[in-house]
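The next block holds one structure in the form of structure tokens; read it before the comments.
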Amino acid sequence: MNTKLLSMREAIERYVHDGHSVAIEGFTAFICFAAGHEIIRQRKHDLTLIRMTPDVIYDQMVAAGVARRLVFSYLGNPGVGSLNCIRRAIEQGIPAPLEIEEYSHFGMIGRYIAGAAHLPFYPLRSYAGSDMPAANSRIQFVQSPYDGETVAVVPPLNPDVAILHAQRADAAGNTQLWGLLGAQKEVAFAAHKVIVVVEEIVEEAVIRADPNRTIIPGLIVDAVVHEPFGAHPSYAQGYYDRDNAFYLEWDDISRDAERTAGWLDEWVYGVKDRAEYVQKLGAATRQRLKPGDAWSQPVNYGDYR
Amino acid sequence: MNTKLLSMREAIERYVHDGHSVAIEGFTAFICFAAGHEIIRQRKHDLTLIRMTPDVIYDQMVAAGVARRLVFSYLGNPGVGSLNCIRRAIEQGIPAPLEIEEYSHFGMIGRYIAGAAHLPFYPLRSYAGSDMPAANSRIQFVQSPYDGETVAVVPPLNPDVAILHAQRADAAGNTQLWGLLGAQKEVAFAAHKVIVVVEEIVEEAVIRADPNRTIIPGLIVDAVVHEPFGAHPSYAQGYYDRDNAFYLEWDDISRDAERTAGWLDEWVYGVKDRAEYVQKLGAATRQRLKPGDAWSQPVNYGDYR
Amino acid sequence: MNTQPVPFAASEMMIVAAARALAGARTVFVGVGLPNIACNLAQRTVAPHLELIYEAGVYGARPTRLPLSIGDPALVSGSLSAMSQADLFSFYLQGGRVEVGFLGGAQIDRFGNLNTTVISAYAKPKVRLPGSGGACEIAIHAQKLFYIMRLSRRAFVQQLDFVTSPGFLAGGDARERLSMPGGGPRLVITDKALFDFNTPDREMRLFSLHPGVALEDVLDNIGWPVKLAQTLTVTAPPTDAELRCIRQELDPAGLYRQ
Amino acid sequence: MNTQPVPFAASEMMIVAAARALAGARTVFVGVGLPNIACNLAQRTVAPHLELIYEAGVYGARPTRLPLSIGDPALVSGSLSAMSQADLFSFYLQGGRVEVGFLGGAQIDRFGNLNTTVISAYAKPKVRLPGSGGACEIAIHAQKLFYIMRLSRRAFVQQLDFVTSPGFLAGGDARERLSMPGGGPRLVITDKALFDFNTPDREMRLFSLHPGVALEDVLDNIGWPVKLAQTLTVTAPPTDAELRCIRQELDPAGLYRQ
């Protein structure tokens, strides 16, 4: 079997280039901060950052100056408040102006589906009566040939690179995910290149023992990165909890551009990779974020001969 | 918790009425023959039968005279040959003429999705250059507002009743399915009434221990029928194999209208319910169709407090 | 029985009013914050069959702790179904399976239209807000729309800076004319009073003052001359049982007791 | 080494020719019958990285037995991914991830258009055939289209009764003008000969006769004056290894040896 295992540094070097459109997806869960930090360390620039919820990871990346443009549907620090760095960029052009392209959640999901399924548009019943179409001319409307009814449509979105975090994959990139599935599958199929980042590398036999859990097939995966704790302060279901304390702390840090820079110096530029970050985080934090067990029951697929 | 448990007789009496459109779905797998036979026994008539692959079950139902119309995408006995009874109805009007409405597989799937998602149409890149749109005016084309490209569309399909077989559900109808997922989820959400038929009734806790496996939520389920071996001669992954010998035998029986009637007399009208059918089938057949074990590994969802 | 009224916070009154409005409801699309705790309270009181739906892709959540974000892992573990967000938005929300949706935002107008996008001009915002998220679709598809917002002149405005999510638009049958599947705004729950839209032109109408709140205090905090119901009621204060449930079971840390 | 040629059935020649045409392929959309066994043979010989995709919703099948239907449970157990058919058709097939698609049918014309729907008029059919299934989409989306059909005048016809699945339509650039994503017909594998479409107008062209088959026997079984390649080759007969693999591993019951 062809192994696609790369270090995060290699994967970002090889697949993320200046000017690229990059989607690090994951709805609250499975947000690959490890990849975002490596992109910052490699000082990529002029990226178009794509995410339904830019979250703290894109707040950090925008503060670090890697982004030129942001495509999104909800610009908040979930459960906390604002994304202060992104607001500074949009409201005051600090550190640089940031172009934005904005949808609703379902609009973003529809764009991913259209991109993944090679459709010229995705129809959805949304945007009627909203000012969003006026703010974004990519949101259009078409008439149904059946009843003449009008329905909104959004165009396909095909990121240059998608980076998806999950619990496990084999070395060929067959990836299994449980918990919040988000739009991980759709964005993976929509992207030109796919980097999968996982908590564990498993034998192909583990994947084949439960094929209904495979959300992303190795067929569309270009690189597999083994990065335990790679989603912190976001989380991987069953492996660790969301670090809410950090999300609250970030709200405070990020209000000030200098403190933000200081945080990036210490936690991104100041560590050489995720392993060092995890070590710096410390055993106490990792222990605090460890959940109890809640195992599913195995199911029988049957051996047919 | 509200139990929705009914016997098959009660479920069909309560939810399937003459003139209804009925979808017994399941692609090769999970085809609920038990429900089809009960519909025949209750001598329902003027039904519109909806299935991607009408399969032997609709061949039997058409022979028994319950159907007025057939909506489908592939009219074959999978791996064997023709559906002889349906061919007799279409080609010779025996026992009665059968109206047909025909799509490709993706067209049927698209109709279910549009029905489930309350969309006025579903777009797909199909039918270009085919004579199918000429044979079915419901297949239309629309222009993309982005590049002027033309794409096919199909209208929503909302069956009066959908009957879906699966491995297990709780008494409220939260249903888990593994193996070939087919279009079970889509047709369930598209239908006005949903009857779920399962091999096992389980505690709600079993469902809640693996929420990613829940394909059909109790929210949209009207009746839950516990009917072990209810898909025979089709199959339920991990529980029993497809009875290929019967599929071959049916090809022979069904070539002759009288032999077909004889089979229906013996195996449908001649038994009072599925339990009697299974008993008549015999232990040797059930043993022949029993697969070996192939268990998935459990996964940890984590206990978060 | 001791009938001495227990003191309560304004946010507790909001939670309780929201929970009561869910009486008998079967499904609710839950947001973070107050709606989340209100739905959990309703499940334990007036709506035992209520199933919680989260835009993160969860149906039938049974969180073992108060979820701190809309995608808390405790929403998944022990839920009835966890699915892709495509399925959630397509089959649950757009499919018409959501009975009540909760929304809140920076600005609301008299017809229940909501702004969660920007203060001032879109292209040159004074304050950039989060934007729609799922709000626009919730507003269009939920059978009933409940708002939870603190009352203030900055929020209850004559003219929105941006319409993110449609309420009754220009009022009357404007919503129906756009064939919107959902029923539109039904209730506005604030820290001072309750409002409905039971007027011919679907304009917001004050119908209940919370205990101890003066009418003027409400009127002063609304940027237009708000309509009044023929009879103004006083909202029943939170019961001991409701407060006990909030304080002991749902929010023992007191995060929502300000 | 014994070089005595082993006798083989025409269907075995078809299976072997199909398998060889898959050399180096990465993904194939597999139908039941001959294509299925050909793909399994290719996996064991010329295309070790070939992954099998089934319209039933399976990617990376590793069947422990010869699947007797397109939805055999042995296709699921041990596969890399089992998914909804919506995902299969949307993301794999329409998404352009299928390299080779196999089709067969009742009638084919010189431009590789296929009829699997009816003999005679659609509204009053003499013979009602299965219809499209996934064939129309496979024909449109697969990067390359391979046909497997027995040669006969009833099948290779001047004029189809119904176009179920488009090949090169009226020939030339007709397919491109409809912006079809897939590359169209590439190869026709029959029990007597092989055909390609390497002509300026994309018309079917005989390029290889199976061992022992006379040119006239081929020409007599085609309903139009078929074009010939400049040099006709003779198809290399099945090797011992290929036959051993078919007979001992893939089809020990001899279902495909007629």
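Think of it as A, B, C and D in the order they're written, each chain with its own count starting at 1.
Methods note: a residue touches a chain if its C-beta (ideal position, glycine included) is under 8 Å from a C-beta of that chain, and two chains touch if they have at least 3 such contacts.
As the structure is a prediction and not an experimental result, all values here were calculated from the model.
The chains in contact with chain B as well as with chain D are A. Pairs A-C and A-D differ in how many C-beta pairs touch across them, and the larger number is found at A-C. For chain A, the chain with the farthest CA centroid is D. Each chain gets a centre from the mean of its Cα atoms; for chain A and chain C, those two points are 29 Å apart. One finds 58 Å separating the Cα centroids of chain C and chain D. Chain centres here are Cα means. That of chain A falls 40 Å from that of chain D.
The geometric centre of chain A is 37 Å away from that of chain B, both derived from CA atoms. Shared interface positions of chain D, defined as residues touching 2 or more other chains, are 58, 72-73, 76-78, 82-83, 94, 181.
Among all residues of chain B, those that touch two or more other chains are 113, 118-119, 124-125, 149, 178-179, 181, 185-186, 209, 212, 237-238, 241, 291, 294, 301-305.
This structure has the following touching chain pairs: A-B, A-C, A-D, B-C, B-D. Against chain B, the residues of chain C that register as touching in their complex are 26-27, 49, 51, 58-60, 62, 64-65, 72-74, 76-83, 87, 90-91, 94-97, 181.
On the chain A side of its complex with chain D, the touching residues are 2, 113, 116-119, 174, 185-186, 189, 204, 207-209, 211-212, 214, 217-220, 301-305.
By the touch criterion stated above, chain B contacts chain A in their complex at residues 118-125, 140-147, 149, 151, 153, 155, 167, 178-179, 181, 206, 209-210, 212-213, 237-239, 241, 291-305.
Here chain C touches chain A in the complex through residues 32-33, 55-58, 67-73, 76-78, 82-86, 89, 93-94, 113, 117, 122, 125-137, 140-141, 162-166, 169, 174-175, 178-181, going by the rule given at the top. Those residues of chain B whose C-beta lies close enough to touch chain D in the complex are 27-29, 52-53, 72-76, 78-80, 82, 86-87, 90-91, 102-106, 109, 112-113, 124-132, 135, 149-150, 178-183, 185-186, 235, 237-238, 241-242, 244, 247, 291, 294.
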